[in-house]
Structure formats: C-alpha cells, structure tokens
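You will see chain A twice below: alongside chain B first, and alongside chain C after that.
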Partner chain A sequence: MKVDIKELKPKKAVLKIEDTQLYFINSLRRIMLSELPKLAIDGVVIYDNTSALFDEIISHRLGLIPIPTDLSLLTFKDQCVCKGKGCPNCTVRYTLSKEGEGTVLSGDLQASEKSWKITEDKIPIVRLYGEQRLILEVEAVLGRGKDHAKWQSVQAPAYRMDISIEFDKSKIEDVKRIIKKLPEGIADIKNDKIVLKDETKLPALESIIDKEKIDFITVKHDPTKITFSFETDGSLTAKDVIVESAKILEQKYTEFVKQLKAL
Partner chain B sequence: MIIPVRCFTCGKIIGDAFEEYTKRYEIYKKAFDAGENPKETPKQILDELGIDRYCCRRMILTHVELIGESAPFE
Partner chain C sequence: MAGYKCGLCKKSVKFDVKNIGMQCPYCGSKIFYKERPTVSKKIKSI
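This part shows the complex of A and B:
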C-alpha cells in the first residue's frame, strides 16, 4: 500500500491511496462515522431561560457544538473508574451566563479548565433582546457516532476510484463532438484517451453518455487506486481522525483473531 | 428562526458563517442596487467562507432570520 497526502489541513484531508481495495477504505470510512469517539454536550441544567427559544431547542443547539477533544485524557463515562457518576476523567463541565441585548455565542461557554476552551467560538446559540436572560450549566461526555450524530466528528467522508476513459478510435469525430457539448475546458483528448481536468466532473460526461446511449466511450474504474477525502467539525484534527480510526480498526481485527483462537 | 448550527445534510458547522455572509451580502446588495460593480458576488463570498457543497450553501442562502419577531414572547 502506498499513501500519498494530497492535502492536510487541520479540518480537511485528501489522501491518495494506491495498491489497496475498496473494502478497506470503506471500513475505515465507516469507523470514522460510527466508532470514532468525540466530546459533545449531553447534559444541560437550565437555571434561567427567558429567551425566545424553548429550553429543548437551546439544549439541542448546545449538543451540536464541536468541543475540542483530547482522546488520550478521556474515557467513556460508563467505563470510567467513577462508575458513571461523572469525574474529571470522563466529563467536561461548562457554564454559561448572559443577560441583556446581544448574541449568545458558543465561545461564551466557560470551561472549568482552560485546556477545554471551545475553539469554534462564533456559533450563535440564541439572540437575546431587552432584559432576556440565559443561565445554564452543561456537561460534555464522550460518545460515538452510532449513538447520535452529535458525536460524529467527520463530515462527508468519501472515496473515488481512479478513472480512465477510452474510446473507439474510428469514431474520433463523434468523440470530439461530445467533448464540445461539455462545459468548456473540462475534457481533452490525449494519447487516445479522454482526460478530465477535474475528475469530480465525470458526471457531466456520464450524463451525455447515458442520454445519447453512446457505446464507443467506456469509463474504466481502477479499484486499487483510491482518492479518499474527509472533513472534520473541529473537535479532532484531520490527522488525529485518520490515526485514531486506523487504531480502532486494528483493535477490531486483533479482537477478532483472539476470538478465532478460542474456537 | 435562528440559523441552524450544522448543515442538515452533511453536518458541517455553518452557524458561524451566517453573520459574516449577511454583512458582506449587504455590501454587495447596496452596490448592485446602485448600479455599480459589486466588489464580490454571493458566490465568491460563500467560496471564501469555505462553504463548498451545495447542501451547506442552501443553508446560508435560504435562511430567514426571524428570531427578532418572536423576541417579545418568552
């Protein structure tokens, strides 16, 4: 397997993976969606809420805020030494108190410890008018995407196979006519193949092939060469996501092998 | 009512982009209505804010901020 990093930003990554199989990338993708833990607000105590939104709506909005997560410092609440009571090993607490004209932002949540400060601090929770007031206390716990979407740290994980577009050389005039129908500059003929400038624009060509029932152009997919891309919401960095997901997948295989030995 | 925190379809955080979008859209609209050449179009604003997919773009484009209307009621 060969991995080439095309793009690695704190919140986005594009990897080109060669000599692999689709099932492997797909299992990695599914681990990211459903098994990777992250922090999210799970319990809210509302002391005072005179704003225009209901308590439930505010709680729901709080739950969706991404909280920077350090997975090495935290354990799941039900597996913690405190037996689910809530301690610094499994819960992170925040308080919020605001009164009078203005927007309550996610950055107004005060962490009990500075290291848990919310980084996505510009998300509006509610807008207050006049003498309206919002005072609450929340606790954030680790969870997994399969339990609730608020615990899903990865957005739009997707993979794409490499493509090569071949055509019947005797019909080159027809091919040129079809390329002219596409948006300008997205396709070109090079060495008896159609080359797309941007491979995500393939559906434009495919729709014409479908519509006109063309049989002299064939799009070939190579399932061993895959471009894998995903974004995160800011609770984990893109690098952490890929490393932690690979670790979880490895644990699952190790566990499986262990079970097989018992047979 | 108020801008949703995340995109309904993909889950990307879009709540924090709305205020800046509206601010810059007002500048665009003013220039457009006066018949001048606007500095940037809504397309360019969304691209610059990093809202690439059309599911996230519609969240911003189609949102109507109405919380001020219901503010007098608790």
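This part shows the complex of A and C:
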C-alpha cells in the first residue's frame, strides 16, 4: 500500500491511497464516523435561564459545540477509576454566566483548566435581551459517534476511485463535439483518452453520456487507486483522526483474530 | 403557595393555587408569569 498526502490541514485531509481495496478504505471511513471518540457536553446543570429558549434547547445546542479533545489524557466515564462518578480523568467541566443584552457564544464557556479552552468560540447559543440571564454548569465526557451525532468528529468522509475515460478512436470528431458540450476547460483529449482536470466534475460528462446514450466513451474505475478525503469539526486534528482511526481498526482486527484462535 | 411575577408591575407575588381569581395586590393586574424555582435543574444534552 502506498499513501500519498495530497492535502493536510488542521481540519481537512485528502489522501491518495494506492494498492489497496475498497473494503479497507470503507472500514476506515466507518470507524471515523462511529467509533472514533471525542469530547462533547453531556450533562447540563442550569441554575438560571430567563432567556427566550427552553433549558432543553440550550442544552441540545451546548452538546453540539466541538470541544478540543486530547485522547491521551482522557478515558471513558464508564471505564474510569472513579466508576462513573466523574473525575478529571474522564470529565471536563465548564461554567457559563452571562447577563444582559447580547449573544451568548460558545467562547463564553469557561473551562476548569485552560488546556480545555474551547477553540471554536464564535458559535452562537442564545440571544439575551434586556436583563435576561443564563447561568449554567456543564460537563463534557468522551463518547462515540454511534451513540449520538454530537460525538462524531468527522464530517463527510468520502472516497473516490481513480478514473480512466477511454473512447473509440474512429469517433474522435464525436468525442470533440461531446467535450465542447461540457463546461469550458474541464476536459481535454490526451494520448487517446479523455482527461478531466478535476475528477469531481465526472458527473457532468456522465450525464451527457446517459442522455445521448453514447456507447463509444467508457468510464473505467480503478478500485485499487483511491482518493480519500474528510473534514473534522475541530475537536480533533485531521492527522489525529486518521492515526486514531487506524489504531481502532487494528485493535478490532487483533480482537477478531484472538476470538478465532480461541475456537 | 406558588410564586408568580406580575405581568404589568413585574413584582413577585405569592398565591394559593386553590384561590379563584388572582389579582396583583400592587397594581391590580390579572396577568402573571410563573417564576422559575430557585433550585438548579439537571438535564442531559440530547
């Protein structure tokens, strides 16, 4: 397997993976969606809320705020030495107190320790008018995407197979006519093949092939060469996401082999 | 006795819920808002 990093930003990654199989990439994608842990607000203690929104709506909005997560420092609440009571090993606490005209933002949540400060601090929670006030305390715990979407740190993980567009050389004039129908500059003919400058524009070509029932152009997909891309909500970096997901997948395979050996 | 806030003069008043007809002793208004209890409320974020 050969992995080439096309793009790696704190919240986005594009990888080109060769000599692999679709099922492997799909396993990785599904691990990212459902098994990768992250912090999210779970319990909310509301002391006062005179805003226009119900307590439940505010707590729901709080739950969806991405919280920076360091997986090396935290354990799941039910696996912690405190036996689920809540301690610094499994729970991160925040307080919020705001009164008077203005918007309550995610950045108004004050962390018990500076290292847990919320980085996405411009997310609006509720608008306060006049002398309205909101005083609350929250606790964030680790969770997995399969339990609730608030614990899903990866958005839109997707993969795309490499394509090769071939055509019947005797119908080159027809092919040129088809390319002219496409938006300008997205396709070209090189070495008896149609080359797309941006492979995400393939549906534009496919729609013309379908509409005109063209049989002299064939789009071939290569399942061993895959472009895999995903974005994160900011709670984990893109690098952490791929490394941790691979670790989880490895643990699952190891456990599977262990179970098989016990048969 | 339940706590209410007068809709007109905003003053806190207490009434026995068994009473028929409620009127603010300060301004005479008949519109009231129920006051939030002073105890904290614990809810799960779902």
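Heads up, the rule we're going with is that the second predicted complex is superposed on the first by the 263 of 263 C-alpha atoms of A that agree within 3 Å, B and C clash if a C-alpha of one lies under 4 Å from a C-alpha of the other, contacts with A are read in each partner's own complex, and residues count from 1 in each chain.
To be clear about the criterion, a residue touches a chain if its C-beta (ideal position, glycine included) is under 8 Å from a C-beta of that chain, and two chains touch if they have at least 3 such contacts.
If you're wondering where the values come from, they're calculated on a predicted model, not measured in any experiment.
Novice: Taking the superposition as given, does A:Pro88 touch the first partner, chain B, the second, chain C, both, or neither?
Specialist: In the superposition, A:Pro88 contacts neither chain B nor chain C.
Novice: Can A:Asp55 be said to touch chain B (first), chain C (second), both, or neither?
Specialist: Once the two structures are laid over each other on A, A:Asp55 reaches chain C alone.
Novice: Please work out whether A:Pro10 is in contact with chain B alone, chain C alone, both, or neither, and reply first, second, both or neither.
Specialist: Once the two structures are laid over each other on A, A:Pro10 reaches no partner at all.
Novice: Identify the partner contact of A:Tyr47: answer first if only chain B is touched, second if only chain C is, both if each is, neither if none is.
Specialist: Second partner only, chain C.
Novice: Check whether A:His148 is in contact with chain B, with chain C, with both or with neither, and answer first, second, both or neither.
Specialist: Only chain C; A:His148 stays clear of chain B.
Novice: Just checking: does A:Gly102 make contact with chain B only, chain C only, both, or neither of them? Give me first, second, both or neither.
Specialist: Neither partner.
Novice: Of all the chain A residues, which ones make contact with chain B and with chain C?
Specialist: 50
Novice: Applying the document's contact rule, which stretches of chain A touch chain B when the two form their complex?
Specialist: Touch list, chain A to chain B: 50-53, 61, 64-66, 120, 122-124, 126-127, 129-130, 132, 149, 152, 155-156, 231, 233-234.
Novice: Spell out the part of chain B that touches chain A in their complex, as residue ranges.
Specialist: Per the stated touch rule, the residues are 1-3, 5-6, 10-13, 15-16, 18-19, 53, 67-68, 70-74.
Novice: Quick one: which bits of chain C touch chain A in the complex? Just the residue numbers, please.
Specialist: 36, 40-46
Novice: Enumerate the contact residues on chain A facing chain C in the complex.
Specialist: Residues of chain A touching chain C: 40-50, 55-56, 59-60, 62-63, 138, 148, 150.
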